[in-house]
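Residue numbering begins at 1 within each chain, and the chains themselves are lettered A, B, C, D, E and F in the order written.
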Amino acid sequence: MRISIVNPNSTRSMTETIALAARHAAARGTEILAYQNDAGPVSIEGHVDGALAVPGLLHALAIAERDGADAHVIACFDDTGLEAARSILKGPVIGIGEAAARMASLVARRFSVVTTLSVSVPILEDNLARAGLSGLCASVRASELPVLALEADPEAANDKISEEIARAIDQDGAEAIVLGCAGMAGLAAELSERHGVPVVEGVSAAVKLMEGAVTLGLKTAKRGGYAPPSPKDQGFVYPDGMVPARAEVEA
Amino acid sequence: MRISIVNPNSTRSMTETIALAARHAAARGTEILAYQNDAGPVSIEGHVDGALAVPGLLHALAIAERDGADAHVIACFDDTGLEAARSILKGPVIGIGEAAARMASLVARRFSVVTTLSVSVPILEDNLARAGLSGLCASVRASELPVLALEADPEAANDKISEEIARAIDQDGAEAIVLGCAGMAGLAAELSERHGVPVVEGVSAAVKLMEGAVTLGLKTAKRGGYAPPSPKDQGFVYPDGMVPARAEVEA
Amino acid sequence: MRISIVNPNSTRSMTETIALAARHAAARGTEILAYQNDAGPVSIEGHVDGALAVPGLLHALAIAERDGADAHVIACFDDTGLEAARSILKGPVIGIGEAAARMASLVARRFSVVTTLSVSVPILEDNLARAGLSGLCASVRASELPVLALEADPEAANDKISEEIARAIDQDGAEAIVLGCAGMAGLAAELSERHGVPVVEGVSAAVKLMEGAVTLGLKTAKRGGYAPPSPKDQGFVYPDGMVPARAEVEA
Amino acid sequence: MRISIVNPNSTRSMTETIALAARHAAARGTEILAYQNDAGPVSIEGHVDGALAVPGLLHALAIAERDGADAHVIACFDDTGLEAARSILKGPVIGIGEAAARMASLVARRFSVVTTLSVSVPILEDNLARAGLSGLCASVRASELPVLALEADPEAANDKISEEIARAIDQDGAEAIVLGCAGMAGLAAELSERHGVPVVEGVSAAVKLMEGAVTLGLKTAKRGGYAPPSPKDQGFVYPDGMVPARAEVEA
Amino acid sequence: MRISIVNPNSTRSMTETIALAARHAAARGTEILAYQNDAGPVSIEGHVDGALAVPGLLHALAIAERDGADAHVIACFDDTGLEAARSILKGPVIGIGEAAARMASLVARRFSVVTTLSVSVPILEDNLARAGLSGLCASVRASELPVLALEADPEAANDKISEEIARAIDQDGAEAIVLGCAGMAGLAAELSERHGVPVVEGVSAAVKLMEGAVTLGLKTAKRGGYAPPSPKDQGFVYPDGMVPARAEVEA
Amino acid sequence: MRISIVNPNSTRSMTETIALAARHAAARGTEILAYQNDAGPVSIEGHVDGALAVPGLLHALAIAERDGADAHVIACFDDTGLEAARSILKGPVIGIGEAAARMASLVARRFSVVTTLSVSVPILEDNLARAGLSGLCASVRASELPVLALEADPEAANDKISEEIARAIDQDGAEAIVLGCAGMAGLAAELSERHGVPVVEGVSAAVKLMEGAVTLGLKTAKRGGYAPPSPKDQGFVYPDGMVPARAEVEA
């Protein structure tokens, strides 16, 4: 099968980290199609970055589906544009934030999220609430590391994240940890070793969930919450390749 | 004072209806600055339309603030881009959805929303939940009128909306009604008369709430939920006029 | 228009502070009618004071409506008797507690309330829960200042309140502050200046919300939650002027 | 032991029905002291009646405690003035609404309340929510019988209540029924027989719960939610016998 | 009347402590039938102990009903097997955890639970949530005393529990305390004295609630949540005496 | 990798259906180890059947882990004994109920569960609530088909399930369907075809989730919610092979 993974930001090195993590998690027989949103910000930190990234992200996802992707991963922990993506695509779509949290909830009764900047905390809290996961989340903690600092100095980054993990376990009663940024892909194993709790990273979690959904033959529901936009009588034309699901639905 | 009202879609007739309703509600001494998002869809129906409208909407709001607006109204009942807007603007910002619901909650213990298409219902339900208003909302009902049909045939539109209002009162226990589309501005008085319950329309509700906020000297909080995006070390430049609040915050 | 503001307690100096704040917030063309409940306690601190204040408060509100008030403000942060008031009055009614919290929620995602005594905290928490605002409230903090101490030594009072505001911001993540007592009217501007966050005071917030409601032509819904008491076949006569809404409703 | 039961309204026949039910439920060795609030409305239907009844009710409860009552029952299904009562009395206090709902929750996972007029439904829903019982309550149904009609024509009353019980079981999935009015005391056994589900009546439930609390040596907590009002430096004198708990607390 | 109390574990000394507390709380005329689950673990600490205890516990309860018990108490604070017990027994059944929490909620707005080991905390939190009591519970604290240590060194145990009570009051705002283990029966009075707050112990609370339920003539509802298992066409035979309620229900 | 799947009931034909569905869903390289609980009831319908099945189920799981299983599936939609299982096993464990619901939540905003008998509905509702999925669940519907009837007459079973699916879509707004019984494995594809919505079956969903968890290297957290039982000083010996995780944890 083919799974697309789209980095909503325009930083190539992150796209490469993400693609690597995705391919490393993928089963034999799964092809990973990696895309980057060149129209997006260099990193997504807060509501504004997210909002500016969505149109390009949706376009990339529409192209991915045209390229034959059976399922899709949005590689930002904010699950940027997830609901709009589910409204235009036939295949299942997941964001790495929801993916990591759902996977963590299978191995722990309470998990904490350790993310980058505090500007993202309320966004993650709202996402968890909408997904029904607030009650399973002990805390969302910010390491105050900018996204791109993760690559600039991995050593230092690793330490700051590790400190927050320790606090989440000791002070918040976290039983497992969710790494709250695509840039943290690859740190999970060592941090789990160091702290003696499960540590879940979203890119690989999302790939496995999408492999599962494809194997089960699942597609995104097209009535209700993820119904596609209704046709416009007037002028407006959706960007090339957007809303391919329309025909499906009208049929 | 100056209050800006931005129509996130590109339909001029709607922008005019909205501006008219805003000016009609404004106090003496309040100047209404009306903007239209020419880059947006002709109407906003569902997640995709909303996502595509946000960048142009944010740009219009940034310009409005540069033009001296003290507060801002997003004239789509989905509260499109509200959190991103609050993250870049100094003045208070409200969407007409939140405005109408908050005003209705002052005169009734349970209100129902009557909107256009069912594709918007889950979006409105999520917005109400995030604003803490789910418990006060008896139901969100769709009249299945496309946004633009409101203008094409007002007579017919009025009847369909009126039918849903009757159902909300009789079947859902609604004590007041919220009109769930900017295009419905101007129907409130007659529908309230006809059904004998308070009927709240969002454009005028939003103008009064923003007048109040400005009089109280309130500005949008800049820590936590509405903190502006953090500065990017690399290339990315925000569209002209975007993130003017940045200086404020770094100061 | 005419807006009545009723001090449910019998302390004249507080009634004057309240009336002053109301008139200061009112738009040109708004007449403020101020009332005091001489039958009430000298201050409202806890459930018992509140319960004893209500009958006199309702009577004052009924008189205010007879005096031509278009809307009403209950000037106690506990929103004393709010639901009973909405059940007897035609015009919209708000308490300063709900008013301040709703206004704060327009400019911040999480606010804290700083009130007088801890005896009031559970009452405020229950009110916020019923209004759907618990999720937006970071904390309700008591300064342990008795209501009347606010006037006895404003200097000292100001400092104690300021300390709690600092704790709410640093420890609870408050993005804005709500001043939890009518006696604090007038401190908002300076405290906002000092702490760099929006500070909302209830009397002025309530006046602006009621001006808005009147402009929108809203009256309190008379079915469901705020329905007036049903007529008694036997003896009991409501105090003079009480339940004027009855005719309305039976008509 | 002595348990006081206070009818917050002024209808003697109801007071007698209530006292009878209380004495019938009481254990050997429990003396029931019955009081009536002559200053109250003839019946309590909605927020206004409740608010007007509270001062007289509190006074009666204060007298009951002086008369040696070890625990207290407020005999109105709205739990009128419950929190204020708990703030002034040493002994435990319960309202018949909370009593019946808590007892029903011991024998069924979902119960429905069948009350008198729809004006009371929102009050009961708020009480259940505050007590954490909303999730266990399948529905609150109004028979639209005025309180006093229960005595005027018991036959007819019984039938209307029975119809609502049938609807609650068939349509709402109720597994047990709570009778939502003090005037319904005495109907429980026959209705349980007729419908084959547990039917709980509040007066007897409250008596048993208060007997239990007294046997366990429990008194109402005096810190936090039920703390007594703080002392007033100025003039205001609480009505004779009110706030006897004060000394206790200052000691 | 006869009330059975079953110790789900196999430690005779605890069974004796429990029976003693039950008989001490019982009214004149109430006979306490005490049972012990010899097939159970020596103590119930966590999900596994609980799961292994249930079959023997259900068997003991079935025998108790055959022995003429009118109501039943499960003497483990985890409310082990409560829902299964309610599904097979005619009489009302309560666990001491639910009993203590419901009784505490009658005399305090916020209570804390002080239990034995932290392994039990999530179980108690889930039980409180299902019973709708989470909102009334300030905290569930573990003293880290193993169940059997309560008897090994009562002195030391008492001190550790007392320390946690102090923390619950000072740090969590507890207004009352619930003792979270059957082995703590008998400590309530002294701890209440020492800390000046109501302290509720589950065994006696459960006995009083069951006496009340029997006096009210209540039996466990047999439709919905506590419906008995449906008959099996094939081989499987329930352990001797199990599911006696079946006939009742089919009738 | 090796994944164990345990049928908590003793009906061989169901065990075979389950094993078949699991092997059909498994990736190349995944070995499915199927177990049956011969000590369990012939089917699990309600709390009592579930409680009686758990000890044998736990034993089977302990043996499965000793046989080298890397992860485990409990093949009953009630997620029978899930928390106890997580407390004794090293590898991740999931129940088919949680698995199906989590997978459905990835492709629809609201799903309905169609199960066998109404006796199971409250159990499923409680499980969904504990997993944070209540808000995403439109309804839990019972087809009133006994578990074993699914095999006795598949034709008829299929029709009854199909009718409930239609009701869930039309009346409850379900966007996807979850099949609420292990015996329904294999019906998903055809029902999805027939109704045009995603239909999720738990056995295959659980296998894919466990494959994912193993690939991610996740093990069940051993602190907090799923901590193993604490060691007993006295006599009690856990059944052969039970609590193998103990050493792990003490280390």
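By our rule, a residue touches a chain if its C-beta (ideal position, glycine included) is under 8 Å from a C-beta of that chain, and two chains touch if they have at least 3 such contacts.
Predicted model only: the values in this text are computed from it and were never measured.
Peer 1: Could you figure out which pair among B-C, E-F or A-B mirrors the D-E interface, over half of its contact pairs being identical by residue number?
Peer 2: Copy of the D-E interface among the listed pairs: B-C.
Peer 1: For chain A versus chain F, which are copies of one sequence, does the interface use mostly the same residue numbers on each side, meaning over half shared, or is it different?
Peer 2: The interface of chain A with chain F is built from mostly shared positions.
Peer 1: Can you give the whole-Å distance between the Cα centres of chain A and chain D?
Peer 2: Computed from C-alpha means, the inter-chain centre distance equals 52 Å.
Peer 1: Which whole number of Å gives the spacing of the CA centres of chain C and chain D?
Peer 2: 29
Peer 1: Per the centroid of Cα atoms for each chain, what is the distance between chain A and chain E, given in Å?
Peer 2: A distance of 44 Å separates the two centres.
Peer 1: If you look at chain B, which of its residues touch at least two other chains?
Peer 2: 86, 109-110, 122, 224-226
Peer 1: Could you list, by residue number, the parts of chain B that touch chain A in their complex?
Peer 2: 10-11, 41-43, 45-52, 54-55, 58, 81, 83-84, 86-88, 117-119, 121-122, 126, 129-130, 146, 148, 224-230, 232-236, 238-239, 242-243
Peer 1: Mind listing the chain C positions that touch chain B in their complex?
Peer 2: Residues of chain C touching chain B: 25, 27-29, 86, 92, 94, 98, 102-103, 105-110, 131-136, 169, 173, 175-176, 188-189, 192, 197-198, 200-201, 204-205, 208-209, 211-213, 215-221, 223-226.
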